[in-house]
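Below, subunit A partners subunit B and then partners subunit C, in two separate complexes.
Coming up: the complex of A and B.
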């Protein structure tokens, strides 16, 4: 059981980074960015490209994060903002982000082909903390996830920027009337969430060993599930949601069958949402026009 | 049915790697959207004209038509050109030798789009509008269940490249199959493992229908041969981790892993196996795992030396030497005017079987003194199957010479001996190929049809 718990934590660590980025993006910007998984993949390809010139290993995480930040910022500035200015509805924006994801994925496929690629990182020794099983590199990825999430917590709870982001997420108009430069805050939110997105993309590819143009997109549903479970727009909820999804998935594989691990995990999601529709830790979710 | 790895087919030609369900159906097609767009355009073009390298219409009075009835558009669009290459090579050889009873042979591509509904319409149209139809190459697994009865009803001989086990004991009298059925792979994998004293097996297959179709015969044969399947796993596609499954595998202590999974599943699974166990376990994959994209993904994940050391893949055996193959390859290269880059098909086992099928039908017509499809059908086994006193021939020229001399013949094709059973299946053998560290695939050994036969009919 402890071994399975350890596997769940490993799965959750990557999922948590991605889910926090996703939920912050939506919470602050009100754009449900379904191109998120493909930005993760693009970031992994950026890291892969630089690994070819000797900048690899753990640097790949930073490179992926930076690329994700810049790419997300560019997407917002050149694509999403013009639509928002024209009053595009949430539904229209969903279609736009799907299109962006599709274009990104096909561009990656056109550039890199339909092949698989690997980012190499020595797994290190296998260790057994508390009866769980980790390689050293997996443990580092878990620690990176924890560090990122703690840093994000610190940012949100102790800095002016964090407070401004939370205020913008809760009520953009009121925040603007209170003197917060919401456009700047929105751009920063895209960068920060994009950084987490890129970081998650590289962490994912380090975990799974091999990736192609569709790899990040395949994780989109669990990411959204974790975000929804935690309460859309709520970073801490996304962390908890990722942990629940990750652990439920692994326990389902152990106790029932690997074939049904997704089904069981999402059954858990549905049951929990029936009990608590607003998500595990959500106040913000209720203020968002999710249903729109 | 997974295709031979040697074929330069698109990486999309294999079984669909179903992604985790995305946001309902809005996003589902995105991965292949570009391909789908191209396929759509190609479909529109195909509706107006035949694919290149084929005759553009039915046939004239002096021309017999062999229909290449396969997908030329859609996700399995790579199948069609592979088939046409074999057909055109055979047509070139036949026409160079004077044709079939003084009639020339041409190949006509019929696009099934890999879709049963479209294929039924295409089959109905083909049999209704194609005059002087000598026979059909195809259908493939995509459309065989739906269209083989249609072609059979029209009494046209067909050489299916379908792998479905449902045709193992078919009662369709005009159905012929040279390529091994999918389920036969299981027998060959089990035989190889047991012959190498690997008696504790693990079956690790994707949970898709294509992958799972290998399991029943693998389980049956492995048990029959004294092996024990210590664990069976059906992997859900595109997970970010298979650690729990890998942990269970390690605990079961298998000596060999039998597998057919998507490249992504295999890369993740084997990476985690290497991490958690510290070493890999010998594995035998189906021909799907011999595809370059699979090998590339796994080699990238676990390293080329590890893949070289632990992996073997099986595929239908098709020799690339000998008089029959030489005749095929010469005809193929000579057909360069109608087959783009013909050398790409030189070692393609499916192109070889399509060549063999066309030659066999032509020789059957000569033997029957008739180009009537029914007469041809009645003589196919007579010109291919072994038999005492038969003259062995390796190409069309040798075949018609022997027939004119009054001999009975056994045509040995480019892909090897053709020996149809009562259900018109010629199983053939398999080769086990390994991964060389330079990225090539190399033959390691083989499992013959005679070794497999006792397992199929104990």
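Coming up: the complex of A and C.
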């Protein structure tokens, strides 16, 4: 029971980073980036490539994050923004992002082949906090996730940039009229969410041990489930959603079968959409966004 | 012409008819109604599986493949049942996704549905034999007709062409009618359509279910020809081939959907067969997907309306200025009298 909870926390911590990045990206930039999972994979491959020249271990997380930030920024600058300027509709933008995902995933496949890769990190001793089982490195990943999310919370709630980002997410028109440079904020949001995306990609590969060109894309189901559960665009909701989905899928894996993790995440998503489509924390988040 | 070439050409024509059918269905959903159904291939898949289990007969003891139910219904019931299964799945999924969600959420949910459907069918082996899939599926009238392999292939070309033609008539009838106009209204200005008393949810649902029936039909016809069906044949990317076909051919234009089906799944994907194999296994396929994604991006950038764009419908009334359309452009000429 507690062992499963431990697995759930590990899954949830990686998922939380990914889901917060996804939800902030959509919330602030208004682009539903379905290439998100594939940017995660690309970041993991970037970290893998650099680990081959000796910059590995814990540095991989940072490298993955930086690559994710740059890649997302470039996608926005060279592809998404030009399309939006041309007046591409919401539909067209979604198709554009899914094209990008498909291209990214298959380019990685073409370059690296259909092999599995892994980033090496010595697992360290096994410890048993409160009856759960963690290796030291797994615990560090959870701590990195928590630290990241806390830092992100600090950024959103205390800094001027965070305030501007929340304003842009809530009402871009009004934000622009209040003197916020929404284009700069949007670029920063791409960088920031891209950083979380890349970090999550590397953390994911460290957690599950090995990865191939489809690994990040395969995480899209729980990411979307977590983001919708929390109410798309609401970072705190996404954290809560990730915790629920992470623990629920791990318990399902233990009780039913690990192969049904996605199906369980999907079931939670569907129930949520039927019962409360605005997401768990929608009201709280909206009042906060208005009041802060 | 040698028999092998004839057989190949017949096979390509079968694929063409099946792809045309599928593209017409997706065009009704996406082009005319604005539903981003990224799970379209799942509706094709359920049609294929339904056809398979209704022709394979009850599972024999010790069979090499496992599946549930199992019957051997006479032609054309399995094909019609495949179409009905597509419609049924649309009704269920539409009731959840279409009625309550914003269109961007819908797109997300449909993508997730496609991913999860693959994962469930792969893992629940008792359903449709898991990742290995079903094989030795009987062909429609295969034993009754007693034709040679080649003659049967030509018969099947006729059968699929007939179904594709029927689909075209049905879709053309819908899109050319007041119902089609209402669907376009829902797509372009949902609130205005609702304000004029149109039942937006009902209209979306209608288009979604008709599209699902067509998808199921195309799946049944496809599986009847290739006699095997497994999850690797309907990964979520396959939906994207149809979307690319519509983007290239022209959305919201039935002729465009047909042209797209010729250009993208048939010409483009078949042409690759004639390239020499190079690189490690899987490389050509990966590059093919890269190319599909790139083609759709290029068309969306340079020719967003496709090769055969949607017909411009301009309604001008005497005494009124030319009206702005939802895409932001303004009517150039007062082409009065073209309106219904």
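Assume the second predicted complex is superposed on the first by the 273 of 292 C-alpha atoms of A that agree within 3 Å, B and C clash if a C-alpha of one lies under 4 Å from a C-alpha of the other, contacts with A are read in each partner's own complex, and residues count from 1 in each chain.
Quick note on the criterion: a contact is a pair of C-beta atoms (placed from the backbone, for glycine too) under 8 Å apart; a residue touches a chain by one contact, two chains touch by 3 or more.
Only a predicted model underlies this, so the values are computations on that prediction, with no experimental measurement involved.
**Q** Superposed on subunit A, are subunit B and subunit C clashing or fitting side by side?
**A** Overlaying the two structures gives a clash between subunit B and subunit C.
**Q** Contact-wise, after the overlay, does A:220 reach subunit B, subunit C, both or neither (first, second, both, neither)?
**A** both
**Q** State whether A:154 touches subunit B only (first), subunit C only (second), both chains, or neither.
**A** neither
**Q** I'd like to know which partner A:34 touches here: subunit B for first, subunit C for second, both or neither.
**A** A:34 sits against subunit B and subunit C alike.
**Q** Once the structures are superposed on A, label A:118 by its partner contacts, choosing first (subunit B), second (subunit C), both or neither.
**A** Touch partner of A:118: subunit B, not subunit C.
**Q** For A:11, decide between first (touching subunit B), second (touching subunit C), both and neither.
**A** First partner only.
**Q** After lining up the shared chain so the two structures overlap, which partner does A:259 touch, if you call subunit B first and subunit C second: first, second, both or neither?
**A** both
**Q** Counting only touches as set out at the top, which of subunit B and subunit C does A:208 meet: first, second, both, neither?
**A** Once the two structures are laid over each other on A, A:208 reaches subunit B alone.
**Q** Just to be sure I read the superposition right, which of the two partners does A:3 touch: subunit B = first, subunit C = second, or both, or neither?
**A** First partner only, subunit B.
**Q** I'd like to know which partner A:250 touches here: subunit B for first, subunit C for second, both or neither.
**A** So A:250 only meets subunit B here.
**Q** Given 94-102, 112-120 or 328-336, which one is the stretch of subunit C whose C-alpha atoms run into subunit B?
**A** 112-120
**Q** If you lay the two complexes on top of each other, which residues of subunit A touch subunit B in one and subunit C in the other?
**A** Correct list for subunit A: 34, 94, 98, 102, 105-106, 109-110, 114, 213, 218, 220-221, 224, 257, 259-260, 262.
**Q** So in the complex, which bits of subunit A are touching subunit B?
**A** Touch residues, subunit A against subunit B: 3-4, 7, 10-11, 14-15, 34, 94, 98, 101-102, 105-106, 109-110, 114-118, 123, 126, 133, 135, 138, 204, 207-215, 217-222, 224, 249-250, 253-254, 257-262.
**Q** Mind pulling up the subunit A residues that touch subunit C in the complex?
**A** 32, 34, 79, 83, 86-88, 90-92, 94-96, 98-100, 102-103, 105-107, 109-110, 113-114, 213, 218, 220-221, 224-225, 228, 232, 257, 259-260, 262-263, 266, 269-270, 273-274, 277
**Q** Give every residue of subunit B touching subunit A within the complex, in rising order.
**A** That would be residues 10-12, 19-23, 26-27, 30-31, 33-34, 207, 233-236, 238-245, 247-248, 263-264, 267-268, 270-272, 274-276, 278, 293, 296-298, 300-302 of subunit B.
**Q** Given the complex with subunit A, which residues does subunit C contribute to the contact?
**A** Residue positions touching the partner: 30, 34, 36, 38, 96-97, 100-101, 103-105, 107-109, 111-113, 115-116, 119-120, 122-123, 237, 240, 243, 247, 279-283, 286-290, 292-294, 296-297, 300-301, 304, 327-328.
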